[in-house]
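First the structure, in the form of structure tokens, and then the observations on it.
Going in written order, the chains are labelled A, B, C and D, and every chain counts its residues from 1.
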Amino acid sequence: MTVDALDLPTAGRFVGRVHRFPVRVYFEDTDFSGVVYHANYLRYMERARSDMLRVAGIDQRDAFATGAGVYAVADLTIQYRRPARFDDALQIHSTVEVLRAAACIIDQRILRGDELIAQARVTAAFITPDGRPRRQPADWVDAFTRLLPTP
Amino acid sequence: MTVDALDLPTAGRFVGRVHRFPVRVYFEDTDFSGVVYHANYLRYMERARSDMLRVAGIDQRDAFATGAGVYAVADLTIQYRRPARFDDALQIHSTVEVLRAAACIIDQRILRGDELIAQARVTAAFITPDGRPRRQPADWVDAFTRLLPTP
Amino acid sequence: MTVDALDLPTAGRFVGRVHRFPVRVYFEDTDFSGVVYHANYLRYMERARSDMLRVAGIDQRDAFATGAGVYAVADLTIQYRRPARFDDALQIHSTVEVLRAAACIIDQRILRGDELIAQARVTAAFITPDGRPRRQPADWVDAFTRLLPTP
Amino acid sequence: MTVDALDLPTAGRFVGRVHRFPVRVYFEDTDFSGVVYHANYLRYMERARSDMLRVAGIDQRDAFATGAGVYAVADLTIQYRRPARFDDALQIHSTVEVLRAAACIIDQRILRGDELIAQARVTAAFITPDGRPRRQPADWVDAFTRLLPTP
């Protein structure tokens, strides 16, 4: 069976330097209070970051498999503005704000249409498989640089 | 902001009476042994069932909000054939096999290209908000009937 | 069958005004990079907050069922210091730092023995079932006040 | 800081050949329909199996770290009988039913006091780190044999 493009998961897309990634809220994401469980927004944001890297041409699986390294969240701040609910179609907007040798800072916003559901600032550090900080691969830095605001 | 169709989550699509739904494997889905954690395939399959209903024209959110009822898994059998890994693009194939007054039985297969990752048989029962079995709404039965194999 | 005390889940305990709550790292908590997935520390911290309330005499289930309200995380900051791994025995130390009419701020630390794994500051807001801010019940404020540092 | 026994997570205990393991239902476990999300019972059961091994003297972490192998669920059947809810104190009762060279079959029941919430039959296969079936270590077979019913 060849897989039709219609049957591939979306990786989102860049509009300017903002990566947009769609997410549907399923049963698993909510809790008995009727809204999305707060920790699950972090799962949404991680999916968006992974696919932002994919669209930017960065292969995380290969980097881990070859022992180059992997991103780990070092620091995260999130403000929850409004609750999202079962069946909502959300968008995650991700923007690389700061690029350092061994880390980058990403602004992420979760939206339902025009409404801001949550906003976060995430520091992702590049580390070796055994956990020590390491410079990001040069071509990754190039890929990120293209995503940064023009000074 | 109007939401562009490109920025909406996919709900999959029917090819004949099989609903096909794409899933990407993210960090959250795997465990330290390097493969997808076994319980997470149930999350994938529930997303697929929810979107199969959506594409078939059934509004689960409205049914719950108005007090009509909600589906609950009553019974599930799954065989795990091969492991899926980080970054894999999977497909969930869902087929309604049996339709009863207050339940339906769905066959679900998880595929990576041609390879069978897992296969499951799920009985979903329609229940009232306080948990008693209830007949499915008539128009839902109609929607499911159209998805059944021609006898 | 009567349930033996040995077969009840622990709710942790207060040592002074710090609530200590034990957590074991299971398969579900880790990802393929070999460590605990970053969002899962938020699940650990929420378990600890729920059981801190329980030990302090606050019944969240009853408050939600009677329509009084429920806590929702409004704001969260977390620093990840060291990775935790499968099978680790962790402790969550939670301390109420600030008490407001409709919210409280809780300091939470995740420890493995002496090592700091992560530290967080969580603002939990009390809201009505339909999501508007509401003053916390008077007896809850009393319970929290007993947990605050002596000025 | 030395860790007090009171601050260690419980691993449950054997009563005869049945391993009993307590679980509390937290926000993360429920969904908007008000009950525990069906896939989360699999997480509870995996925690119970991991701690059953621990109490039986089997060190899964070491077996994986040294390359001996790891358990993977090969097959699972579950019947959901009654819903569990936020704040419920549950117990997982696990019994080794069948022991084969490279796999074992475990009966697991989820109880709330006397009430049966769900029951499952889980086949766990021992596999090498790269996924091929392998005989279980001899001392693990001995540990399991002690847990089997006297013929």
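FYI, a contact is a pair of C-beta atoms (placed from the backbone, for glycine too) under 8 Å apart; a residue touches a chain by one contact, two chains touch by 3 or more.
What you are looking at is a predicted structure, and each value in this text was computed from that prediction instead of being measured.
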What is the chain whose Cα centroid lies farthest from the Cα centroid of chain A?
D
Interface numbering overlap (same over half, different under half) for chain B and chain C:
same
Between chain B and chain D, tell me the centre distance in angstrom, where each centre is the average of that chain's C-alpha atoms.
26
Express in whole angstrom the distance between the two chain centres, defined as the mean CA positions of chain B and chain C.
33
What whole-Å value do you get for the distance between chain A and chain B if each is reduced to the mean of its CA atoms?
25
Where chain C touches two or more other chains, by residue:
27-28, 32-35, 39, 43, 46, 64, 85-86
Of all residues in chain A, those that touch chain C in their complex
32-35, 38-40, 42-43, 46, 64, 70, 72-80, 82-83, 129, 131
If we count contacts the way the header does, which residues on chain B are in touch with chain A in the complex?
1, 3, 6-13, 20, 22-24, 26-28, 43, 46-47, 50-51, 60-61, 64, 85-87, 89, 91, 111, 113-114
Touching residues (chain side chain A, partner chain D) in the complex
27-28, 30-35, 37, 39, 85-86
